[in-house]
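What follows is a group of structures, each given as structure tokens.
The following pair of complexes shares a single chain, chain A, combined with chain B in the former and chain C in the latter.
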Partner chain A sequence: MKIDRRSFLSLGVGVAAGTALSPLPWKLTDDLSIWTQNWPWTPVPEIGESSFVNSVCTLCPGGCGISVRKVEDRGIKIEGMKGHPVNQGGICALGLSGLQLLYGPTRIKTPLKRVGKRGDGQWAKISWDEAISEITEKLDGLRISGNSHTVAGIAGSRHGTVSQLFSRFLMAFGSPNFFHTPSIADTYQLALQYMNGVSAAPGFDLENADFILSFGCGLLEGWGAPVRMFKANTGWKKNRARVIQIESRLSCTAAKSDRWIAIIPGTEAALALGVAHVLIKEMLYNKDFVDNYAQGFESFVTDNGEIKKGFKQTVLEEYSPETVARVTGIDPSAIILLAREFANAKAPLALCGKGQGKVPGSLSEAMSVHALNALVGSVNRKGGVFPMPAMEVQGWAEVGMDTIASAGMNQPRIDGAPPNSPGCINQLPSAILSGKGYPLNVLFVLESNPLYTMADSKTVKDAFDKIPFVVSLSSFMDETAQYADIVMPNHIYLERLEDAPTPMGYNKSIISLSKPVFKPRLNTKHAGDTLILLAKGLGGGVAEAFPWKNFEACFEQAMGDKMKTLKKNGFWVDSDAVLPDWESTFKTASGKFQFAPAEFSPGVAPVKIEGDSTFQLLLIPYETMRLSCGYIANPPFLTKTVEDTILKQNDCFIEINPKTAQSNQLTEGDVVVLQTPRGQARVRVHLEEGIMPGMVALPRGLGHTAHGGGYIANKGINANRLIGPVQDPVSGMDAAWGIRAKLSKA
Partner chain B sequence: MSEIDDKTQAVSKKAVSSTHGQRREDGGSGGVIILFFIVGLVASLVVGWVLFPKLLYSQKKQPIDFNHTLHNTLVGNGCESCHSFREDGSYSGVPKLAQCIECHEEVQSSNPEEIRFVEQYVKKGIEVPWLVYARQPDCVFFSHAAHVKSAKMDCATCHGPIGESESMKPYQQNRITGYSRDIWGENIGGFKKNTWDRMKMDDCSECHQKKKVVIGSVQTQKEGCFVCHK
Partner chain C sequence: MKQEHGGVVTQKYGMVVDLDLCTGCGSCMVACMAENNVPFREDETDKLKSITWMRVYKLTNGKHYPETDICYLPRPCQHCEGSHGHSPCVSVCPATATDYDNQTGIVSQIYTRCFGCRYCMGACPYHARYFNWYDPIWPEGMERYLNPNVSPRMRGVVEKCSFCFHRYQAAKDKAHLDGQKEIDEDAYQTACTQACPAGAITFGDLDNPNHAVHELKKQPDAFRLLERLGTNTKVYYVSSREWVRRAGDNYLKSEGLKKAVL
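Our next item is the complex of A and B:
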């Protein structure tokens, strides 16, 4: 008997046969296949009861109703709320990505106090009590020394309960310096004030208009309430309404319009008046409206005996199609045709506000466009523009101003804007840096990110350096929060009670209820509660102005009898509102529409942008639905949708016409240095026929330097860094639509 | 003749002589080979049928030893009294603590398990981490409503007479997949006697074929994979 190689071979055969006859290989194969389908990192919804909670999305001012699908307390998906008047079940890509903001790593987890150098990101965790007492101590000192006016606040909006509570806080404290992130809505509000005589926001009956003349509005790029605009666009296509897009770049709106007219940017007001010229010359305007309900059309004698040129004379003298053609670069025959079509439409409507309307823009342009609507009678008429009265909080008792508060409120605003005005935030940095007025000691920032969104970020940062104490109430570690001294993180929109007021351009008064869909995940506090705690900590007159035990009580009082409807439906619409007719709508001195208010001089030159002739190109920033460019940074889901002709890895692309590329000896993908009077950046070139030669387009919403975590920061460049503010001569607000620029090979 | 040829010859001679030698020992060596074969066969069968399942599954005890029989006599609506359907038609599975509290806010008997349950979970408001024997992988979509409500099937057809059990059997967790042994079945070979012995895909299709129930996906109106694997 000898054990050799063959014996072991035989053993092996036996093992193989035995294994094959046992369940081991088959069971193992099955188990492994199940294992490979259940990787631990694969996101799997929790097991449990699923539910939908209705709320409203406040990531942009669009105010869309949302329906959040949850399994137990975990958010699974955000959908549009069916039956919500604004978005009717629709939702945009940013709204869909909201859960990434809720669960993402850029949230601030607890109150923080800066320990390192400003902006270095070195923080010490502090308790809420410590944060509140530290700030109240500082504020108390300023109040006692009679420097209450040296405190300022920047809010994301000036509407809504939290913003109004914020402005109330400053008022009771004794500071006139309440600022908000401005937009085209502010310019429109001024236009309506001067021409209609009412303090109101514009409401456009877009759904019933049949000829939409858009002066560069990104109707499909996030202008107004974005989802409402998409739905309106569907309606226009169905009803054969025509959309004319006047823009220097082939945006999505231009591509989807019936006619795209490329215009030299900044000359839109001239075109509007050129169209008005043809309407008047060919007697195509609405005579009933102009003769009976308007003033300032014909020349008139002012109170002090001067003869003032009427709108008609100015326009006929200065805006002939030929003159306008030279300014705008549009053929005179195209202007005449446009005017005739506009006049012959049943419900023509002209709109302005470039892109998403993030920049307030030229007041003269807004008034020219508004005058165009008035000429054809599209004011307070089906398919026209309506003034939407501002909804102020009714339920709160008036602030009993103590002596310090009254003294503080009597101080001039730091930006030089008239008291009780919305202010001009664009003038804040220069006011601080010039050192002419008083210095600012404390700045509160709520739901806004001025260090990123304001024009010329570097100057804004320099101005921030002069403010010794900055308090951020942001939910995210954004650029401004990173530069703050104390951060008191707010709940994120899905965790808080709030109201979303009527979105820009919407023609019904609506309030939507944002209610906590989730319990707060982190050690955050509702900004409303933070303000109430600060007021209580200060005591005296300030505490008296904040008698509520918490924000919920304050909110319920503000909403009053609307609360019941809000809780039941999720929104409240002023459906009974009867919109006044031409007879009673205008509240100007004459009771008529004012074609030539003192603030409107159609003859003045258009807003001039920055840069001399050494900068041969024009840089225009553009906005898209795929990049969130305001306070909310682009969530990763949304960045995934951005084409690689806009963002490739961390490089961002400028759009230039092939002709411009040729004259600069550039080809697709070249790395260039884009230089403007305000700064320079390394970008890559994308050739695009859809942009006018001589221009450079850069997307807004990229180039974050904060928001760490590797998902948001350092992708592309921030367009606002390269563009400086340009002050509108009348409104004082930012009217910059671009800046001069040049390119050089890197 | 070259040197290489010499070597070749030498090797072939050696080869021939060794073949002769082996032939002579054939009788003894054959037995060893068969013996080794049997040893290998038996050992691997033992490994596959006995040792492998012991290694594959870990044994876990349920947090509370629940008595189904006792509860069944006290409730009015059979299994559905606790394992109910939600308002939206979805199946709630193992009851949540809130449901247990409806009766067990206070200890009702001297049963040590109930006392432990009330003290450890009810009083502290902690959900009981029940181990679910019938939990299918996440890639499986199964509607209880379709089977219990529409097809009027008994719970026991798939779950067996668990409602008659007086104590909870140990939960055997597959170390590779993390799922319960009840899915593959107690028998490692996959043999079954009763309909509830296994809960694999073949068992679903066996019944569907027998009953000639072929229903397409609600979304696609087609039959096939996507009816259950969405």
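Our next item is the complex of A and C:
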């Protein structure tokens, strides 16, 4: 049959039109889309009974109440707990990603013992009995040989039942060497001790303040209790309270503030006292408070004719706006305006603690800022700062130290800090490496990752190399666990019965209850139970201090009559607390606020950092809500929120002002070597107008070398590798706000 | 005012985002990921491929130090109505995998209908649609946390913010069981709204005078993104800063701010 071209085309079009008008192609497309999606590896989550369990998130010290949605026994979503006083239903991006940590690949599944070299990642799985008996044998030997004090412990915090159980263990064992992750709270404690006469954490009545003068605090980057701060910020916006952010970088806090004042870093104390100068000179300070409830303000002559300069004279003589302007880089008129606004506000409040307050910082800076609050009477008053009562565990019997324990506790701390002080963990590596004093034989690490979080990572690692036995109780294979000899994995927070103590800066005493939302599904053990088993294994005086059957019993006793409220509400808050007034609140020798304690000797010069003039730039680390930089590393969801101007593939970016970049012949995206006196690293350049010229900024939270699984490890640089600690001249704690640096094209 | 279509009361679910309150914390981004089984990969730095139904953008006023200013802007799917339900993405989908729902005002995305031509992604002016170039991988055991109310997707399928439609369905069912005709304002809230610690996001029925968004959208400082395209979106932004409002559309330097009139 001959078909000519026309017929062929007509037939073809006819077939096509007919098919198109029929259901065939549409049915086929529909079927195609279904059949190409039927692959069995796409999970279909099972439905089931839904429930909500309330608990508290302890991924950071913020202590937000959470509500975990479960379907059967699976965790589906973590949400903020409505009605929790601290976060009132809000939650941060890290808290929201918690389930990725619970079910994630970095969990340690069972106790491990190192085989092969430290850090190689070669482990033998051991049983809990084996782990406990090996450790108790070693510890027992140290007790017998009179070396109980050569055992140290690093805990995530000083507060909370488990941390206090840990320090109790060291005391009963016979070692004064209890360490915790340092922070601005440690410095505030000293400032309150010297000026208020009360050794306590600071409570800030932020919600009632109407003028916030923030010296670099990352109010929206995770300072204090992060979600509480977000809620407070919203309150400030709604009530037209003003926030002045003093910072060298345009952080989120600075951008959201009413005024960003860029300052040369390290000069915050000078600025605070410059403001104080104006308050005093123009008689804008609270005369009632200063005249009647404070001491050390006026100069006086001692019995032997010595002139003791008071706070007023020092500030008036040395901190004029012109002098302070030269040091801080801030215009004198801006300082004067700031001081007047501060004084004229109804409830002014000054805060310090750079970024998230991860570094204890300069004590004289903290005292200068605290003095500012005192000058305007914002101490122990609505909208002000006041010392929070200590919340030590009451329910346990006192530790009956045996002879070995007493001898051990009488030894000096290895870091040279006074006994029962917060300690100076920043001095631990040098104490170990110097060889003077005694060596450390055993180190326990709990809820902490010092090999990552401590400044000058290389020196910290060198110090660890000199500790023959390291035990990690981490839930995750982090840098410190990776470098340990035995790992006794703790339950993750969602599997633990525990208390979350008052978060930093919160102005009410609160305990939140962490419940085991999930039954532990791995071979992990509650750190509290581990400590009890270790103590019982040691027998004698140590075991006597740990009489409980398990941690649950120990916890019930610790919580005492608060337990009922905790179980009912999920938290206990001291709502009856009354602010002691100015008559009775100060517990100094004079009973008054001390403006010029002996420990307060501020100089105008900035806090020194490392590096000479060959390093022409200043490197500052910064924190962001999108990078977890403490014990917890970023879960994958959180890393998704990190912008591509911070991390691109595995390279991280430094922020640099375009002018500075130009004078260094650098453009956006350039690969450079960032070098400091402590180390060097390959980074890329991001031009950022929101940073002072002459500075570079590097985010904290990247550069993990452990936490395998591909989602966070080996991305970017750990800022702590490049920055070394700088000892505060009075507190001995780390006051480094950065380090000098230089850039060279890679 | 309440809308009626053929005698049935309809809703127009939308959002008002207060950019003065938004701190750029990213909680909304993660809440959405956790609620909606959004996949994650080892390298999420290629933002063209990174799936973020809710994405927070960082805007800048373009000035030099120290006059620089930044603002964060959370951008979910804008659920464009266009004129009478002609969203740009809906207009181009060859498989009717996406449709404008007149009952709720929500633009739906049905994964099993989509065959991945990505025409909708080209049409969307807001880059709110994301393609699964790869099969999602949930490492060993992590698939346990998947929300059974939301289908996990496989490769070859486009996904986007649904204003947590599964929550709407659950709220509707609950209202029905409780004998209620209407869904309460707080019975249906999106995950991002719920999570925002600053309270910057408000969600509700834009047409319902009892819902907060109804009044909030009328603020003089309120604007929508790329309003002059005529997309008639459901997400309103509020900012007291003029440069932020100007960033909401491609204004020429000489142009003043104006709102689209539809």
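Keep in mind that, in the parts below, the second predicted complex is superposed on the first by the 691 of 746 C-alpha atoms of A that agree within 3 Å, B and C clash if a C-alpha of one lies under 4 Å from a C-alpha of the other, contacts with A are read in each partner's own complex, and residues count from 1 in each chain.
Convention: contacts are C-beta pairs under 8 Å (C-beta built on N, C-alpha and C of every residue); 3 or more make two chains touch, one makes a residue touch a chain.
Since this is a predicted model, take the numbers as computed values, not measurements.
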Which superposed partner A:Ser22 touches (first chain B, second chain C, both, neither): first
Which of chain B and chain C A:Pro85 touches, first, second, both or neither: neither
Touching partner for A:Val71 - first (chain B), second (chain C), both, neither: second
Touched partner set for A:Asp4, first chain B, second chain C, both or neither: first
Touched partner set for A:Ile34, first chain B, second chain C, both or neither: both
Chain B versus chain C as contact partner of A:Val13, first or second or both or neither: first
Partner chain in contact with A:Pro677 - chain B first, chain C second, else both or neither: neither
Which superposed partner A:Ile47 touches (first chain B, second chain C, both, neither): both
More chain A residues in contact - chain B or chain C: C
Contact residues of chain A, present in both the chain B and the chain C interface: 30, 32, 34, 37, 44, 47
For the chain B and chain A complex, residues of the former touching the latter: 25, 28-29, 31-34, 36-45, 47-49, 52, 56, 86, 88, 90, 92-93, 137-139, 174, 176-179, 184, 188-190
Chain C contact footprint on chain A (complex, rising order): 29-30, 32-34, 36-37, 39, 41-48, 71, 74-80, 87, 89-93, 96-97, 99-100, 102-105, 220, 226-227, 230-231, 233-234, 237, 250, 252, 255-256, 260, 262, 625-626, 636-644, 647-650, 657-659, 689-693, 709-711
Residues of chain C touching chain A in the complex: 20-21, 23-27, 29-31, 33-35, 37, 40, 42-47, 50, 52, 56, 58, 60, 63-66, 68-72, 94-95, 97, 111-115, 135-136, 138-148, 151-154, 156-157, 191, 194-200
List of chain A residues in touch with chain B within their complex: 1-4, 6-8, 10-19, 21-24, 26-28, 30-32, 34-35, 37-38, 44, 47, 49-50
